[in-house]
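In the two complexes below, chain A is the common chain; its partner is chain B in one and chain C in the other.
== the complex of A and B ==
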C-alpha cells in the first residue's frame, strides 16, 4: 500500500492509496471519478503503445526509429513551428519543451493561455491576492464559487475546502459559508446549507453584478430595489455583507467567469472589486483560487516565467526569446506556422472547428499517452508513459503549490516519459 | 428558435474520459448532446426520438437532446467536445465558449458522427 498524489485533475489529491506489485495496480482507494479514470487509462483500449506515422493518408504503426526520423524531418523542414499543450505533463517536460522551442526557433504556449492563465495576465496590472488550499481549509469562513462547477470539474475540492475541519475552523462546515454565482443550477448547488447563498445569475450578466458591487463599495445603499442580473435586492445585500465581513474569504473562479464576451473586462473588474473590498475590510481579506482543470496547467506558467520572464506566448528567433503580440489562437487563425508539436493535449477537441481545420492543414506531431481526435489526424504519433503513475516529476497544484509525483509502475513497451522523448528529439536534432 | 449555447465540462460528459476509455460510439452517446429546459423542449416540439440541428455563423451540427429543469430557459448546454466546437468562435484572438447565439430546430436527421467531423477537419482514411 502506498499513498500517492493523483493526476486526475489539478487538485492533485495526495491521499490516494494504491496497492501495486510494480507491474499492475490491484486496488485504488479514495480516488474520485476523474481519479479513477486516470488509473483506468493504464489498461484502456485507447492507450497508445506504439509510435505511428501517416503514410499515404493512413496512420500506421511504425518503429521508434522511423517515427523519430519523420519527426526530425518535419521539424527540419519547418521554419515556423508551433508547440502547444503541456498542461498534462510534468514541469521537467515543460522545461525540455521550452529548450526545444528555443532550439528550433518555435512559438510555444500552453493550455493555460486559453484558461486560467488569463486571470494571471490581468493580474499583472491590477494585482491579485492568491491563497492555498491548506489556508482555505485552516482559515476560510467564506467560499465563493463564481462560474465554477467544482462538484463536477474538481470533484473533491469541496470535500477539502468546505467540509474539512481546519486548525482555526474546528467546527468545519458549520462555520463556512458557501456562495455560488452561476447562471445554471449546477451540481455544486446540491451541497448548499441554510446559511449558504445560491445566486442564479442571468446569463452573461456577471459584469453588471460586479459593477453594482463596486458601486456599492463606494456609495452605500446603491443597490437597486429591483435587484441586478436576476438577483434580488435582499440576496445582493447578503452577498455584499458576506464579502465585506468575511475574516478569510476565497473566490474560486472557473471557466464561466473567463469566457463571456468582453471577458477581459470581467476578470479585470472582478479583480478590482476584490481589491476594493480588501481595502474596506477591517478584519480580514478575500483571496483568489483559479480552478484550472488539467493537472499541471499552473506548472507551465511557473516554468515559462522562471526561464523566460513571461508566462505565455514564447516566441524564439535565432535561439533567443523575442517579443510577440501573438497568442496561440491568433497564430493558428493567421496560419502563421508550418508544423505543430502537440504534447499531452487534444486541441482538435477543444478548439473551434475553423482553428482545428487550420491546425490540421499543416503537419502535426502528437505526443500523448492515449488516442484522441488530435492523434487520429496527426502525421506522427509518439506515445509516452502516464505522468503520475509510470513517471514522476514536479507539478503545480491549482493553488500554485508544487507537488512531487511518484513512479509506481514501469510503463508498457518501455515507453519513454514526455521529458525523455523531448530529450531524444533534441539529441537527434543536435546530431543532424 | 434562437438560444444561447454554453459549453461546459461535466463529470459524466468529459471528453478526456471518453477519449481515454470509450470508443467512437460512446463518444457520440455521451458528447453529442444538447441539454435544455423542459419548456424549451416543448417549444421545439421535440420528442425523445428527435434530434436538434444547431447552426450559427460558425457552423452546423446535429446532436441528441436531454431535458434538465436546472437549465435556464433559452439556454442550451453542451459538453466541450468536437461537436460543440462546430459552433464556438474566435473573437479578438480569444475563444468564446459561452453565451454563443445558436439557432435550434428539431430534426429527424441522424446525429453528426465523430468520423464525419474528423473528416471535415482532415480527410483521413
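== the complex of A and C ==
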C-alpha cells in the first residue's frame, strides 16, 4: 500500500497510509492526532470554498473575477505592501511569492523569522553542525531536549529519534540517553529511564547555565558547589560528561529557546558552546535540530537564501533587494506598510494584541484554505487547495531535508493551488 | 512482591513452580491457591505467615484473572511509541523497528496500531504477558514509556 507524507507538522512523517475512494478520505493509518486533524480539514466546516470580498463593511461571497480585480486594485494603490506567512505552502509558491514581492516592491517575511530562522542567521558567525532524522535513528546515542516539548508539540518525534532502532543502534531505547532541560515538568519527562537526566531549570536562567558550561569547558572544576539555575552540582557534572563523551549527540531546541524575542544571545552562546565541545573532543560530535512548528518553515529559509542571499527581512525596491534592519514585528509596530498579503497563516491570532490591531487597520488580502481570525477581518479572501493532499510540491522537513508531497484528491470547486493563485495575480499585474 | 514476602522463600519446588517468586506471580493472577504450597500446611513455623497471606488475598483467592490492556482514548495522542517499543510488533512487523507505521491491514500477531490519530489495541492473544516464558513474561514497556500515561496493564 502506498505511503504518503503527512503535513500535520514539520516532522513530515512519510509513512502515512491513507485509504480513499477518490472523493473522500476513509481511513488514515499511522498518523498522530495532529496529522489526523490535518486530513480532517478536507471536510471540516472551517474550510474556505469561495472567494470573498468586503463591501460596505460586510464580507460576502463573490466571483473569482471580482475578488482578483479587487486584489489587483489594493496592490496597485499601495506603495509599501507587506507579504507574510508562507510556512504552510510549498516551495514553488514561496518562489512565486518572492517574485511577486520583487514585482510590487514589497517587504516579504515568513514565520521563520520569529522562530528558527534566527538560528541560521546566527550560524553565519559561529558555525553550526546540522543532522538529519535518519542519522539520529541510525547513529545517535545522546538526545538533548532543550526547551522543546517534543511529546506534545510534535508527537511522533520522540518515537522516531529515541525509541526506534537503527543500523548502529540496534537496541534502540537502551543505548540512547535522554536529557531534558525545561522549566516545566512536560509530558516528555514521563519517558525517562534510569540513566536519563531530567533537569528542571529555573525560568529565564538558560543563559546562566550555558555560560557556566562554557566556562567549565575552558577551566575544569569551575562549577559552583551550590549549582546553577536550580540545578545542583552533581547533575551539572553529569550533563557535561554526557555532552563531552557522546559519540553522536543531538540537541533539539524548541520554542523555549527559539521564541524569546530579545534573547538572541541565548542562541548565539548555545551555538558557541556546542562548537567548543565539538572542538575539544575528537571522537564524536554534537549536532542541532531546530524544532519548528509549521510544515514548511525551513523551506522559506532555503528558497530565500538561494534566490536573495538572506533569509529574512527581504525588502525590494525597483526590482532590487535593499538593506533593511526591520523584521516583521518592528515593521508592524512602526506601521511602515499600507497593505498586507497574508498567505497560509493567522497572524491576527498569533501576534500580540497591539500588533494585530495595527495589522488590522490596513487592508488585508488573505490567502488560506481555512477560516481564521485573519480571514474574518480581511478585505479579500482567496481560498486555495490544501497542500499535501490536494496539491503536491516540495517542502523542507525540520532537519532541512526536502520531501516531495503527493496529490491524492482533487480540490473542491476547482480551487487553485497557492502557486497557481500567486501566478494569476502576477499575470494580471503584468497585463495592467 | 508483596505476596512474595509472606512465602517461605526456600524454592523447594514442591508446588511445581521453579521458584517462590514464580509461585507469587501465579498467585497474583489467580492460577494457584495458597494451599498448593505444601510447606505452609505441614510446618508449624509458617502458621502466622499463612494466616496473614490468607487475609491479604481475602475473597479474591483462586479467581482466575484476565489480562487487560486499557488505552485511554482521551489521553492518547497517537505518538506511536507503544507500536514501536512493543517487542511482539517488532518481531512480526519489521517497519516498526525504525519507528515507521506498520503495514495495513495488520499482521495477525500485531498488538497495537495507530488509526484515526488514536492508539488501537488489535488483539491481546500474542502479548508477551500471555505467551512468553520466564522474565520476558513481565514485559511492561507499553505502559512504562507512554508519555501521556494512556496505556494501563491490569488484571481483572
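Rule of thumb we're sticking to: the second predicted complex is superposed on the first by the 427 of 432 C-alpha atoms of A that agree within 3 Å, B and C clash if a C-alpha of one lies under 4 Å from a C-alpha of the other, contacts with A are read in each partner's own complex, and residues count from 1 in each chain.
As a convention for this text, contacts are C-beta pairs under 8 Å (C-beta built on N, C-alpha and C of every residue); 3 or more make two chains touch, one makes a residue touch a chain.
This structure is a prediction, so every number in the text was calculated from the model and none was measured.
When both complexes are superposed on chain A, chain B and chain C fit side by side without a clash. Contacts of A:184 after superposition on the shared chain: chain B is touched, whereas chain C is not. Residue contacts after overlaying the shared chain place A:164 against chain C, while chain B stays out of touching range. Contact with neither chain B nor chain C is seen for A:116 once the two complexes are overlaid on the shared chain.
Touch criterion met: A:37 reaches chain B and chain C at once. When both complexes are overlaid on chain A, the residue A:287 reaches neither chain B nor chain C. When the shared chain is aligned, no partner comes close enough to touch A:94: not chain B, not chain C. Once the two complexes are laid over each other on the shared chain, residue contacts for A:152 go to chain B and to chain C alike. For the combined arrangement built by superposing the two complexes, chain A sits at the apex of an angle of 80 degrees to chain B and chain C, based on C-alpha centres and given in steps of 10. Between chain B and chain C, more residues of chain A are touched by B. In the superposed model, A:29 lies in contact with chain C only, and not with chain B. For the three-chain overlay built from the shared chain A, the minimum Cα spacing from chain B to chain C equals 8 Å.
For the contact definition in use here, the residues of chain A common to its chain B contact set and its chain C contact set are 33-34, 37, 152, 155, 187. By the touch criterion given at the top, residues 33-34, 37, 40-41, 44-46, 57-59, 114, 149, 152-153, 155, 183-187, 189, 200, 202-204, 255-256, 259-261, 263-264, 293, 326-327, 329-330, 333, 346, 348-357, 360-361, 370-373, 376-377 of chain A touch chain B in their complex. Residues 1, 3, 13, 15-17, 19, 27-37, 137, 151-152, 155-156, 158-160, 163-166, 172-173, 187-188, 190-191 of chain A are the ones touching chain C in the complex. Listing the residues of chain C that touch chain A in their complex gives 76-81, 83-85, 90, 95, 97-104, 113-118, 145-149. By the touch criterion given at the top, residues 4, 6, 8-12, 14-17, 19-23, 58-59, 70-72, 74-75, 77, 80-82, 85-86, 88-91, 93-99, 118, 120-125 of chain B touch chain A in their complex.
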